[in-house]
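The structures come next, written out as structure tokens.
The two complexes that follow have subunit A in common; it is paired with subunit B in the first and with subunit C in the second.
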Partner chain A sequence: MTSGWRHKAFSYGVVIPFAIVLAFPFVWMAVTSFKPEAQVYDPTKVWTFHPTLASYSFLFHHTGYLRWLRNSSFVGLMVVLITLAVALPAGYALARLSGRVGRSLGVGIFLTYLVPPTLLFLPLSRVISKLHLEDRLWALILVYPSFTIPFAVWLLMGFFKTIPQELEDAALMDGCSRLGSLVRIVFPISIPGILTVVIFTFSLVVNEFVYAITFISSSTNRTLTVGVPTDLIRGDLFNWPGIMAAILIPSIPLALVYNAFLNRFIAGFTGGAFR
Partner chain B sequence: MAVMAAPGGSRKIRLRYLAERRGFLAALLISPAVLFIGVLVGAPLVLAIYLSFTDATAGSLSGKWVGLANFRQELSDPIFRGAVWHTFLFTVISQAVVIICAGLLAHALVRSFRGRWLLRFFVLLPWAAPVALTAIGFLWFYDPQASIFNWFLIHLHLVSSTNPPTWLGTPRAAMSSIITVQAWRTIPFATVIFLAGISSIPQEVDDAAAMDGATGLKKFWYVSLPLQLPIAIVAVLFGIVFTATDMVVPYILTNGGPFNSTQVLTTWAFQTGINSGNIGEGAAIALFMLPVLAFVVVGMLFFARRAEVT
Partner chain C sequence: MPDTSDERGKEETRLDRRELLKKAAVGAAAVGVSGAAAPFSFAGPHKYKGRWLKGDLSIIQWVHFVPAYDDWFDNTWVKTWGQKNDVQVNVEHINNTLLDTRAAAEVAAQSGHDLFMAIHPMASFEDQVINHAPVVQEIEAKVGKYGPLGRASTYNPKTKKYFAVSDSYVPDPVVWRHDLWNGIGEAPYTWAHVAKAAPKLKQIGHPIGIGQSQELDSNMALIAFLMCFGGFIQNADNHPTLNSKHTVEAVKFMTDLYKNGEDSVIFGWNPASNNNYLYAGTASMILNAISATRTPESLGLPFSKDLWIWPIPSGPHGRLGLEHVMGCYSIWKFAQNKQNAQQFLADLCINYKQATLASQLYNFPSFPGAFSFDQIRKAAAADTHPPKGKYTILTTIAEKYTHNIGYPGTTNAAIDEIFSKYLIPQMFAQVSQGKLSAADSVRDTMSAAKNIYAKWRARGKI
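This part shows the complex of A and B:
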């Protein structure tokens, strides 16, 4: 009884201060985003001011923000589709391939996830210009699977390992073909795992910065992560409340889905190796 | 990888053929992924190594072989040497902070308590939000005229209100600022992986340790810590590689300045390769990240196996 109480005190004592420190920047972004522009630099109006939605309307009507949001979503969607098409079969096969070959291959694919964009962006910039894809969203759609596929294969491998082999054997016994059992038995029960992969792949794409700033040069083709720092900061439109709103709009939904799918993410991420 | 056996007449060979077909199917399912990765990661990596031996520029697209000239040039450049040192500091200090904070947080978050969902949401925020955007937020928090950090510090009488620190304006403060942001944004992910390590310890081990009289710190030191260490190390290795090779935080906050005092390998490679257009030289700079990568890969292979054994 007393030990339970002590555990709780420890948990609250540690988590609450950390939560305040880690989340404070977002609170302050939110506060700033509701300030009228004139009061942003006013030190006497740190907490007290007349909240306004002017910065949000400025962002939507006078900047390319909605366009960048659309670009990011489009690239994210296309990359998710390509990634699933390639990683679903690979993840399944690696999970079922027993012995050393399957294991080493799985780990090998995962390790390529560690090769950073900052090492590859220079050679890829030449490839992109040879392919005449400069300043096109398709350049990003082509390159992003280089890190989403290893990541997704690893997660899916972890998920598929949790599905008992017996289930498939039963389907085979009932006259189902191997591919048939994959489509009819394995994929349907893996939907939560697949959904997790979709969410984290999408967010990897929305997060990406190095390739996007290297390959995209015109304002209309920018994605969120590049449009905000280049057009809103370096450009003439220097509007801090608007910029804070621009940061919060994608961040809050992403954090909500992360929190909802966290346990599944952990299961897949660590299930591939540490089981 | 897959060997296809020729279909034969006898039943025995046909059975073997069926068994082999499993391997064939596996190869068929895996090959698109391997192909994709080979073309998009393997080939550019080789191209990067090749380019680093040439004087390729952005305009001409084809470079002349110059041997080790790029490497020699960089090694004698004080900005480059500074960048190597800054990369080291940026990585080691931020990840040391992360280990301590994430270790504490993970142990506090592992048991359920009222309000855990909400608090975990707050803790996850820096990881889930696109870092290129949140780094811009910090540009505002560090703003010389309206820094919220200064507002707090002034009201706590920790700094003078007439001469507050300019966070991104002086070399030392700028380095601390980017390290802080990097630690802030890596803590959640490390916490999540640490958490996985702690919860992977079977309840029986806990019970057995308690039965033998191990409690509190003793139990943590002799039982829990050794068991969760391999996964924790994997998380730290992740942090190292994603920090040493990260460009976003330094690029957005300082872009290497002031006076190259926060120049790291990635920002210097970007400035040399893209802004100045010396692709060959930029590739040579970027290649200095390979040793970090190799170190992390070897470490991961070693500890992932250890983790599996336990």
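This part shows the complex of A and C:
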């Protein structure tokens, strides 16, 4: 009993400080978003202030915030679909069908993920210009898979390797085609991995900035990452309550999704690690 | 009988998650479908009531800190000009820190806006832009000579080319807390006064706020500070002269000022940090444009009436300041509507009185004839924010104490590169942080500068 109590106390003693440290930025964001702008700079009004919805009202009525959210969501959804369509068969092929060559190729594909957008945005500008996609969301939909697909392929490769070959062999023996075994056997078992790819891809897309600022210029086509610094930062003046409100709003659903699928998310990441 | 309660629980959980997944998928699809309209929504240029205008013009510029200026520019000036000239004008605004990236992208793509506005002269893009001499000549014919500051910032005497036209510049005063300085019986007349006051101000919790970071404000403040001590990046013939005893002396002075009167936060700043430092009531003095006083006024901060504006403190070599930002419009060689761009730019500069007033005296015209210093002084004197008349000094600062980056030479591609790579703030910061001695830091920076100059000289730009 005593050791059980001690064990719990130790666990909570470690977890609670971490939780406080990690959650504090979100708390700060929320608190700042409800402050009047003048009180943001007042050190005596850190926790005691007059809450107001003025920044939220400004966001929804005086900026294109809803449009930015919509644009980011649309781009995110399309990129997730493209990524899944390419990465699922690619990951499976590299995991199952390519042997040693597949392993090397998989590593090579993942290495392309490490090339930073700050290097690629210049040559890609040329490509986008040639395709006449300047200032179009399709420019982002075309470019973003360049970093989401390598990551997704690498992740799914590892995950597919954890699925027992015998399951597919049994399906093939029963007359199922390769594609059929993929769709009926492999994909349902791979839900955690697929979910991980979906969530991560969407997060990467929604947070991306360099390509968004390079290829999109009109205010109607801005995504969240571009719209917030453009409309809420004027010269050297930061609209802190507005900025905090702008980034708090999309953080909440993402946090809820991460939390709801936490187990499957962890399974997706660690699936390939314990073979 | 095996206990299936856990399994039943998991099954219920799984079902709940399945439901959640279904609902989330439906929700995401709904958002995605509604967002599908976004790329197809009409985002074309302004349509004027009654008729579609013939010509086109696209402009990109910063989001002005004064919202009223952008409102005037987009909704009054552009619309009026467009109707008068039968041109549909599309103006895009982006954050000023992103302009350089966008310029590089447009050059790489050989496609972009017709008129590109930067907030510092982009001399390194000289080969990508037209010669703006005809625009300058048209403006000079109407309002008189290009001001020496604008000309030195946008004209290359080697190639005899105007690589940009400056519509405006923003003076860079010191903004100081009169109540705090008065309390210790000091005022920032000279840098020696600042050094004397700094420890006392830091002791009462109000350090000086001159950044030593890789950002615009630190760049401007430290280059100006250097000039006050007789340290110059180049001479009048555009030869690098950074490694001098004056520069070393200036670096040592600033190091002492940091140790005795500043906080280590100054090494991690962005362009808004010194403003925020002031608005929080911490900083006793910063170097910044009048956004640092206008914002406290508009927010009603308690010390806003105690914020005074003075010229940069004087050093052993005199009182030499820089512009805080300079509006520089360039027309790319690959622009689709060069004629419209040139006409727009000329008309804007000719009518700049309206712009200066719309900017609440933030923007000073680079062609002084458009709105003379005397007229600006009168407008400033009419400002009612206390202490009354505090903005009149701005005209004196603009007229007498504001020089181009690269003074006493011109703003050339080498200066642009040194400026863009933040070599000067780095030179100061390395010494303040104890990483290098002043002599070593200055020598290293000079070595880097020499390489930059050699490169651009080889390209025929200097």
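Methods note: the second predicted complex is superposed on the first by the 217 of 275 C-alpha atoms of A that agree within 3 Å, B and C clash if a C-alpha of one lies under 4 Å from a C-alpha of the other, contacts with A are read in each partner's own complex, and residues count from 1 in each chain.
Definition applied: a residue touches a chain if its C-beta (ideal position, glycine included) is under 8 Å from a C-beta of that chain, and two chains touch if they have at least 3 such contacts.
Owing to the predicted nature of the structure, the values given are computational and were not obtained by experimental measurement.
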Taking the superposition on A as described, I'd like to know which of subunit B and subunit C A:A19 touches: first, second, both or neither. first
With the two structures laid over each other on chain A, which partner does A:V115 touch: subunit B (first), subunit C (second), both, or neither? first
Could you say whether A:Y41 touches subunit B, subunit C, both of them, or neither, answering first, second, both or neither? both
Quick one: is A:R126 in contact with subunit B, with subunit C, with both, or with neither? Answer first, second, both or neither. both
Let me test your reading of the model: by the given contact rule, A:E168 touches which partner, first (subunit B), second (subunit C), both or neither? neither
Return first, second, both or neither, reflecting whether A:S217 touches subunit B, subunit C, both chains, or no partner chain. second
Could you look at A:F261 and tell me whether it touches subunit B, subunit C, both or neither (first, second, both, neither)? second
Should A:V143 be classified as contacting the first partner (subunit B), the second (subunit C), both, or neither? first
Take the contacts of subunit A with subunit B and those with subunit C, and give the residues found in both. 41, 43, 121-123, 125-126, 129, 210, 214, 226, 229, 233, 257
Subunit C partner, complex, touching residues on subunit A are 37-38, 41-43, 67, 70-71, 73-75, 77-78, 121-123, 125-126, 128-129, 134-138, 210, 213-215, 217-221, 226, 229-231, 233-238, 257, 260-261
Flag every residue of subunit B that touches subunit A in the complex, lowest number first. 1, 22-23, 25-26, 28-30, 32-34, 36-37, 40-42, 44-45, 47-48, 51, 56, 58, 61, 101, 104-105, 107-109, 111, 113, 116-117, 119-141, 145-146, 148, 151, 184, 187-188, 192-193, 195-197, 200, 230-231, 241-242, 245-248, 251-252, 265-266, 269-270, 273-274, 279, 282-283, 286-287, 289-290, 293, 296-297, 300-301, 304, 307-308
In the complex with subunit B, residue positions of subunit A that touch it: 7-8, 10-16, 18-23, 25-26, 28-29, 32, 40-41, 43, 46, 85-87, 89-90, 92-94, 96-97, 101-102, 105, 107, 109, 111-112, 114-116, 118-127, 129-130, 142-143, 145-146, 149-150, 153, 178-179, 203, 206-207, 209-210, 214, 224-226, 228-229, 232-233, 240, 243-244, 246-247, 250-251, 254-259, 262, 265-266, 269-270, 273-275
Please name which positions on subunit C make contact with subunit A in the complex. 17, 20, 24, 28-29, 31-32, 34-36, 38-39, 41, 43, 60, 62-67, 90, 92-96, 98, 101-102, 104-106, 108-113, 217, 271-272, 275-276, 279-281, 288-289, 291-292, 295, 299-301
